[in-house]
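Each of the next two complexes has subunit A plus one other chain: subunit B in the first, subunit C in the second.
On to the complex of A and B.
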């Protein structure tokens, strides 16, 4: 699909999810895998908007691109926010997930929810640009 | 689909009907509804999710906020959540802290 560039704001989350749905439909991804990928892109884009740009005081865009490579749908998010490698983020463990809500820490849930569902994840920083690459097998 | 959170108070219950897609952009609307509900000191918080099509972790954070704001004495019910939304609640262990039910019984 043609890449789509949107401003890094929460208003862009809905069109980013729609892009994933369209790319997944074209690729023939299952309904379940489509929802997972939609959630991943939403969570990671939220992270980029909140931390990569927001807390760093930077402004910019997010570009989404979808392509089928062999038997996989690859979705790439590009941004020029602060450097942030998701795979190095500390995630809530079983102990934290068993706690009652009144004792919960709100951090890391989004990444926890998504990283276990993606088949292949890769992060690259080239120049001032972050590339978050997600691949799902088309079954 | 646009998000909406509609609050109704009945007896000692605060009922919130959630529709559409709950993400970081729409979560503040849900939070507002929780704050309005909390101000009435309900005995129970009942969240109807039958028509909630998508929920990101921003929605989970509002559930944590609701529990911390209303306190342990207020039970939270999640009604009619299905498919991936229910899966998100279960994967994050939230089903252990709220009552998850298919339908609501008074």
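On to the complex of A and C.
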């Protein structure tokens, strides 16, 4: 699909999810995998908007691109916010996830869900640009 | 996202529809918190909620804490398979009473 560039704002989350749905439909991705990919892109775009740009005081865009490679749908998010490799982020473990909600720290849940659901993840930093690459198998 | 608030006797009911993400979750929280203040028994009908991110989980967490702090109870109605999965994997589901239909949800609190 044609890449789509949107401002790094929460208003862009809904069109980013719609892009995923359209790309997934074109690729013939299952309903279950489509929802997972939609959740992944929402979570990571939120992260980019909140931390990559927001907390770093940077402004910019997010570009989403979808392509089918062999038997996989690849969605790439590009941004020029702060460097952040989410695969290096410490995730909540079983102990944390089984705590009563009164004691829970909800940080990291979005990345936890992403890492659980994605088939293949890759992060690249080239120049001032972050590339978060997510692939789902088309079954 | 839209929220419709009503009451069934002493039970507060919020019918939510649409997508709960980082954009809409704070708005949902703002709308729902006063309802929890008012009603000790609270039903969230999520039959028409098609998407829930971790921002939505955070909102549910705050609602749960607010309710339990005043010995209130919250029932979630009509969770989709996908939202059920998200809540199960993150350990949220077991803290909520869930029901398939609004009427069951109201009965669970009666």
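As a convention for this text, the second predicted complex is superposed on the first by the 139 of 139 C-alpha atoms of A that agree within 3 Å, B and C clash if a C-alpha of one lies under 4 Å from a C-alpha of the other, contacts with A are read in each partner's own complex, and residues count from 1 in each chain.
By definition in this document, contacts are C-beta pairs under 8 Å (C-beta built on N, C-alpha and C of every residue); 3 or more make two chains touch, one makes a residue touch a chain.
Remember, predicted model here, so these are calculated numbers, not experimental data.
Taken together in the superposed arrangement on subunit A, subunit B and subunit C clash.
In the superposition on chain A, A:38 makes contact with both subunit B and subunit C.
Contacts of A:63 after superposition: neither subunit B nor subunit C is touched.
Within the superposed three-chain model, A:76 lies out of touch with both subunit B and subunit C [touch as defined at top].
Looking at the shared chain after the overlay, A:17 reaches both subunit B and subunit C.
Counting contacts as defined above, subunit A residues 10-11, 13-14, 17, 32, 35, 38-39, 42-43, 46, 49-50, 97-102, 104, 106, 109-110, 112-113 meet subunit B in one complex and subunit C in the other. Residue ranges of subunit A in contact with subunit B, taken from their complex: 10-11, 13-14, 17, 32, 35-36, 38-39, 42-43, 46, 49-50, 97-102, 104, 106, 109-110, 112-113. Within the complex formed with subunit C, the subunit A residues making contact are 10-11, 13-14, 17, 32, 35, 38-39, 42-43, 46, 49-50, 97-102, 104, 106, 109-110, 112-113, 116. Taken together, the subunit C residues at the contact with subunit A in this complex read 19, 21-23, 51, 53-55, 57-58, 61, 64-65, 68, 82, 86, 89-92, 95.
Of all residues in subunit B, those touching subunit A in their complex are 21, 23-25, 54, 56-58, 60-61, 63-64, 67-68, 71-72, 76, 83-84, 88, 91-94, 96-98.
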